[in-house]
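Both complexes below contain subunit A, partnered by subunit B and then by subunit C.
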Partner chain A sequence: MRIAIIGFGNLGKGICRAFVDKAEFLRNTHGLIPQVVAVVDEFGAATDEKGLNLSQLLKTAETTGTVAKYPRGKRGKLARDVIEDVNADLVFELTPTNIRTGEPGISHIKGAMQSGKHVITSNKGPLVVAFRELDNLAKRQGVEFRYSASVGGAIPVISLARKLLGGNEISEIRGVLNGTTNYILTRMAAEGAPQDIIIREAQELGYAEKDPSLDIDGIDTACKVTILANSVLGINAKIRDVKRVGIRRITPDATRLAQESGQTIKLVGIAKRGLLEVGPKLVPMGHPLAVSGTLNAVTFELDLAREISIAGYGAGPKETSSSLLGDLLDIHHTLGG
Partner chain B sequence: MLVKMVMELEDIPGQLIKSLEPIARFGGNIKSIMHQRERKTPLGRLPVMLIFEVRDKAMLKRILAALKEEGMRVTQLGEREGEVRKIVLLVGHIVHTDIRDTIDQLNSIKGVMVSDLNLAVGSPGRESSARMTITADNKEQVGLAISRLSNIANNKKLLLVTSIEAV
Partner chain C sequence: MRIAIIGFGNLGKGICRAFVDKAEFLRNTHGLIPQVVAVVDEFGAATDEKGLNLSQLLKTAETTGTVAKYPRGKRGKLARDVIEDVNADLVFELTPTNIRTGEPGISHIKGAMQSGKHVITSNKGPLVVAFRELDNLAKRQGVEFRYSASVGGAIPVISLARKLLGGNEISEIRGVLNGTTNYILTRMAAEGAPQDIIIREAQELGYAEKDPSLDIDGIDTACKVTILANSVLGINAKIRDVKRVGIRRITPDATRLAQESGQTIKLVGIAKRGLLEVGPKLVPMGHPLAVSGTLNAVTFELDLAREISIAGYGAGPKETSSSLLGDLLDIHHTLGG
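Coming up: the complex of A and B.
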């Protein structure tokens, strides 16, 4: 399969590393030979119709900071030109998230679909802003569209719900969907330290952004609730429909009082018909959602299976490449590969 | 009926099992045990909180007598609790927004009672935190109490943290 990768941050590099490390496994087990013909980052592009040498590309990006320095790479070459011109079957859209405009992700995804290419994305922005539009466009164009990595990182939340649990009616999805806030709450409970100190440490460890408000105000979780509502529950929801409270007001005392009653405070996203909500909740210790550290967890309420829970790593380039690769294999097999 | 009891145990091996044995012997059904090793009393004893079910007052009397005979110190004995309990947290200026009024408003709902309140007062200018146990005769009343509390929290600008578990 001929692949173009738009965006070469942690996730773009992660999927390339997986292609290198697992080349033999993918070929022998799945009959898949991923051939990356174009990679674009913010500075330029590397393209090769015969397939880029990914080890060399990774090294180039690592040492020079851009794929444009790859042999015959072009500085200043734009993603949208590459998407339209390149002879590829599939585009990975892995650029940074903008939850207000969804750009440049939306344009990239539309451009890819309009030129007949399948799309896999991890980018929450386009899904939050324009889920229906993109989903319909994919159907009209007869291309496959997958976005497993947008919710739950490595945990196959969306594909579990849509495929393996497809015979169930899902009445509610609840989840710990943000690793940063879970890390902060876990440490507050363990150490009784104030939130601002733990946030500072989380920033130093790279678990929290310089501006942590997307995480701690629950906006990231609200994005994921919106995506789950649209993709799994079929609710035509926007992020403004999600009732949202973050964790800013959670005190060390509150985490202690919770613990003393055998419970723990988690930032939980809830999606069901009539209620989309993000807020701190009391979770009994031992409950499937009482995961610690940066872990994520999701529980589905179902008519047949009653309750299914799944937990795992919600972030990280290697972990998330599991979801990206899963989507690729899903498309590969859907197309008869 | 449900009984909530706090005992203080000597910090020597075998005390916990010794404290539970009389409850089981007289037919009490233990629902939960919270043994808090890190919360020693000034006299070096360890508090253990038990919730157990007894058939009637007579059964409870026999259990208490047996515990006394074993030399166990019962420091708190809870009243008969309602059928349904719900624990919530509140964060904010809980005291200054008249905690008495908050509790009274909940207690005014028929069959609802605020049965426990743990308050951690914040340092000056900071928000306080509280854990509140609401007991009620049935699920509907607890639901009613939570939605009333949610309104109160809104008006008093308190953060209400409820359980993810359905009532």
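Coming up: the complex of A and C.
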């Protein structure tokens, strides 16, 4: 399979490392030989019709800060040209999320689909802003479109719902979908420390962004609720349809009171017909959503199985490469590989 | 799809009820029309080339105790004859588990495969006694063989590993695989009551068998460890290879001590190369295996995703019909439906 990677931050590097480390496994177990013919970052591009040397490319990007320094690499804003012109079967769209415009992700994904390429993305922006449009375009163009890594990081949330729970009707999805807030709430409950101190430490550990608002005001969780509503429940929802409260008002006392009554406070996203919501909720200890630390978890309410929950790491380049690779294998097998 | 059901206890009735209740959903969403042409119980059989009337059959079985009283039903030990002679595409083998001999399940499954029929079973006996033999026979005969309901009830444990975690190498599986012991341990921790009293109450509620040994001595969990080792890890294991300790020696004090230190005692089954084990283990509260009540949970250790866990109800006819139906849909779609 001939692959182009657009965006070469942690996730782009993570999937390349998985291709290097697992080349033999992928070939022997799945008959998949991923041949990366183009990689584009914000400064330039490296391309090779015969397949880039990924170990060398990773080294180049780490030492020089751009893939443009790879032999015969080019400088410039090259994403759109590469997407349309490269001779590839599939594009990974892994640029940063912009939830207001969805760009440049939307243009990249459209460009790839319009030139007949399958698309895998981790980018929440295009999905939040233009889910229906992109989903319909993929169908019209007859290309595959996957976005497992956009919700739950390493956890195959969307694939579980679509592929393994098919005998069930899903009435509701509830999820702890943001590892940063889960980490903050877990430490508040364990230590009774105030939120701002824990946020500062989380920033130092790299668990929280400089501007923590996306996480602690529930915006990231609302994005994921929107994506789940669209992709799993078939609800034509926008992020403005999600009722949203963050965790700023949660005090250490509240987390301790919850704990004393055998419960725990989590920032929970909820998607069902008639209600899209993000807010702090009490979850009983021992419930599958009561996972601690940076873990994420999702519970599906079902007519037959009642409740199925899945948990794992919602972030991390290596962890998330599990979902990117899962999508690639899914497309590989769907196409008869 | 033409279906024969062998064994008409709670699970056989459960899948028939799902066929009745979800006929429209299955047809519209999956293009599946399940036509049950034979049902066999311990007293006799009901058959109809044109498809049995399942509502009438369920009523007959509930009021008379056997499907033999269905119009033109027959009395006698008819399973083997029906399996070989019936014009069906697929056999559900849902007779009771015998983990020593695997019978009559093994003979039923072999008979079905040898006459070219796909097989779905919930029966741990044949899988524990003869996994390799049955798996190889299915391959030789070119038929599909599924057994999701044998581990984790409603939870798609085996399908998750096989279909959604394919990019990962699985190094270890750990699971809370027995709802009865989980219920007992949860109540011991919550109430400090002694085990024998809780077992008696669990028996009254129908959560525990008259002879609780299979559950509390870890035998049921050891069966599931054996099945996971064979089916997911490719280890050629027998139940005698599983080191096993039950929960009889766990005192209310121990459960309370664990709780005071933020942990919980679970009966955990472990499968990895070089170690198959069942025994009580301390699990930190907030870990995805620390589920309470009758829930089951399974954690996979993975090279990319690190840990993915899945939880849900491990028993119950309606819940388990989710897995039986999941297997049927998987075969239906595998065959191009």
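We take it that the second predicted complex is superposed on the first by the 336 of 337 C-alpha atoms of A that agree within 3 Å, B and C clash if a C-alpha of one lies under 4 Å from a C-alpha of the other, contacts with A are read in each partner's own complex, and residues count from 1 in each chain.
Simple rule for what comes next: contacts are C-beta pairs under 8 Å (C-beta built on N, C-alpha and C of every residue); 3 or more make two chains touch, one makes a residue touch a chain.
Every value quoted in this text rests on a predicted model; they were computed, and no experiment measured them.
S.K.: In the overlay, answer first, second, both or neither for which of subunit B and subunit C A:Ile250 touches.
M.R.: In the superposed model, A:Ile250 contacts subunit B only, not subunit C.
S.K.: Is A:Leu282 contacted by the first partner subunit B, the second partner subunit C, both or neither?
M.R.: After superposition on chain A, A:Leu282 lies in contact with subunit B alone.
S.K.: In the overlay, answer first, second, both or neither for which of subunit B and subunit C A:Ala305 touches.
M.R.: Second partner only.
S.K.: Have a look at where A:Ser159 lands relative to subunit B and subunit C in the superposition and call it first, second, both or neither.
M.R.: A:Ser159 contacts subunit C only, not subunit B.
S.K.: With both structures fitted on chain A, tell me whether subunit B or subunit C touches more of subunit A's residues.
M.R.: Between subunit B and subunit C, the winner on subunit A residue contacts is C.
S.K.: Output the subunit A positions appearing in both contact lists, the one against subunit B and the one against subunit C.
M.R.: 284, 287
S.K.: Subunit B touches which residues of subunit A in the complex?
M.R.: My answer: residues 174, 245, 249-251, 253-254, 256-258, 260-263, 265-266, 268, 270, 279-284, 287, 289.
S.K.: Across the complex, what residues on subunit C touch subunit A?
M.R.: These residues of subunit C touch subunit A: 18, 22, 25-26, 29-30, 154-156, 159-160, 163-169, 186, 264, 284-288, 290-293, 295, 297, 302, 304-313, 316, 318-319, 321-323, 325-326, 328-329.
S.K.: Residue numbers of subunit B touching subunit A in their complex, please.
M.R.: Residues in contact with subunit A: 32, 34, 36, 87-89, 91-92, 118, 120, 122, 126-131, 133, 159, 161-165.
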